[in-house]
Amino acid sequence: MKILYFAWLRDKAGMSERQVSPPPGVATVGALIDWLTDQDERQAAVFADRSVVRFAVNQDFAEADTPIGTGDEVAFFPPVTGG
Amino acid sequence: MKILYFAWLRDKAGMSERQVSPPPGVATVGALIDWLTDQDERQAAVFADRSVVRFAVNQDFAEADTPIGTGDEVAFFPPVTGG
Amino acid sequence: MIRVQREGFDIGREIAALTVGNPRIGGIASFVGLVRDLGGLRSMTLEHYPGMTERQLARIDAEAHRRWPLEASLIVHRYGRLEPGEPIVLTITASAHRQTAFDSCNFLMDWLKTEAPFWKREEAASGEHWVAAHADDDAARDRWQETG
Amino acid sequence: MIRVQREGFDIGREIAALTVGNPRIGGIASFVGLVRDLGGLRSMTLEHYPGMTERQLARIDAEAHRRWPLEASLIVHRYGRLEPGEPIVLTITASAHRQTAFDSCNFLMDWLKTEAPFWKREEAASGEHWVAAHADDDAARDRWQETG
């Protein structure tokens, strides 16, 4: 599973992209965030305030209960400021 | 007093501009239209349907009761179609 | 600013001239009206009332500035003979905020339609005729009426 | 049509490319968003999500065509480092009628603000910071919500 970070979430994560292999029980974006938060302190910092974290699964906006699986691309970012 | 005609009112009047000297009692745009209508058949045709005639006095939109006097510029035209 | 002219215009150049060197501008709305051909139109000739046209355009432009905090604005209206697809009118408004720019640009066009002394004659294969004013345009202008 | 690019754009050329040869177009509304400098801004860097950006822009564009009878439309969104006064985004909509063009262009901008995956970092004399999203922008998008 490919994970992407944008804007200040990338700054906090200290990386823009990574490959992860969460256990099979991690089946939604919300569960993935829980799992990442437990991985290390940087990830914990990224997701410290979940109210300001938005996400996309395979380049579509997603919700915490959006299902994810092997091979998916999951992106985390702050609220967008386009235009 | 200078009179101007625009668009199809000009076509009907057969002229774009004329100088007139109405008698002193012709003190408003409405009275001027009455007076012009009585002058000749072309003028009568111009003002046959007053609901589609608009006017300006000294280059400002005017009403039938707008006062006019010697030296004024009075224009007659159909509803505008700018833009 | 307003201009009444026979010639066409370059919207990019007009926008640049209005906005260059003003760092407060965040959004520029613009509108271009074209001669539409719904079938058989050869040309359209715009007649106007020189003198009154400039007065009315300046008044409409000033009214937009009175109603919205604009950094810059422009109305360019053409007259004379135009062919299908040619631009007739250009309105541009620039402001700190996008909605201010959109609303004021829309307002300028709505007012132009009913307050600027222009008349259009269409020359088609079937003959010539003067374009009638639209009741729609009066309604569009009236929605900007201030209450109170 | 949509484009995501680092380079600037020429609005006049873009309008011409969209509208030439289409006699049904009566009105073209456009909007240009600029990097605003309210004091001390050195530059703004737009980051985006390549792939998702194009998808979202194409979706927003298609949504405008679904809601309004448009003859043509364009969204150009830049990314990378921009200086104050530089254009960020261009939206153009062309339709038979002016209000359709105005409304759909306004809609495109409102949706871009909340649905296009861009993030802005400002570099000022006082340091760097990421621009926060505005609740205003959510409200602007929500006014286009369809009921029923």
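A, B, C and D are the chain letters, set down in written order, and residue numbers restart from 1 in every chain.
The definition used in the following text is that a residue touches a chain if its C-beta (ideal position, glycine included) is under 8 Å from a C-beta of that chain, and two chains touch if they have at least 3 such contacts.
Just so it is clear, the structure is predicted and the values come from calculations on it, not from any experiment.
Without subunit C, the contact network of the other chains breaks into the groups A, D | B. Between subunit A and subunit D, the centres computed from C-alpha atoms are 27 Å apart.
Chain geometry summary: the mean Cα position of subunit A and that of subunit C are 49 Å apart.
Touching two or more other chains at once are residues 33, 98, 109 of subunit C.
Among the residues of subunit A, those touching two or more other chains are numbered 83.
Applying the touch definition to every pair of chains gives A-D, B-C, C-D. Of all the residues in subunit D, the ones that touch subunit C in their complex are 10-13, 15, 19-34, 36-38, 41, 84-85, 96, 98-99, 101-102, 105-106, 109, 140.
Residue ranges of subunit A in contact with subunit D, taken from their complex: 4, 6-8, 56, 59-61, 75, 77-83. Interface of subunit C with subunit B (complex): residues 33, 47-49, 51-52, 55, 77, 88-89, 109, 112-121, 130-134, 137.
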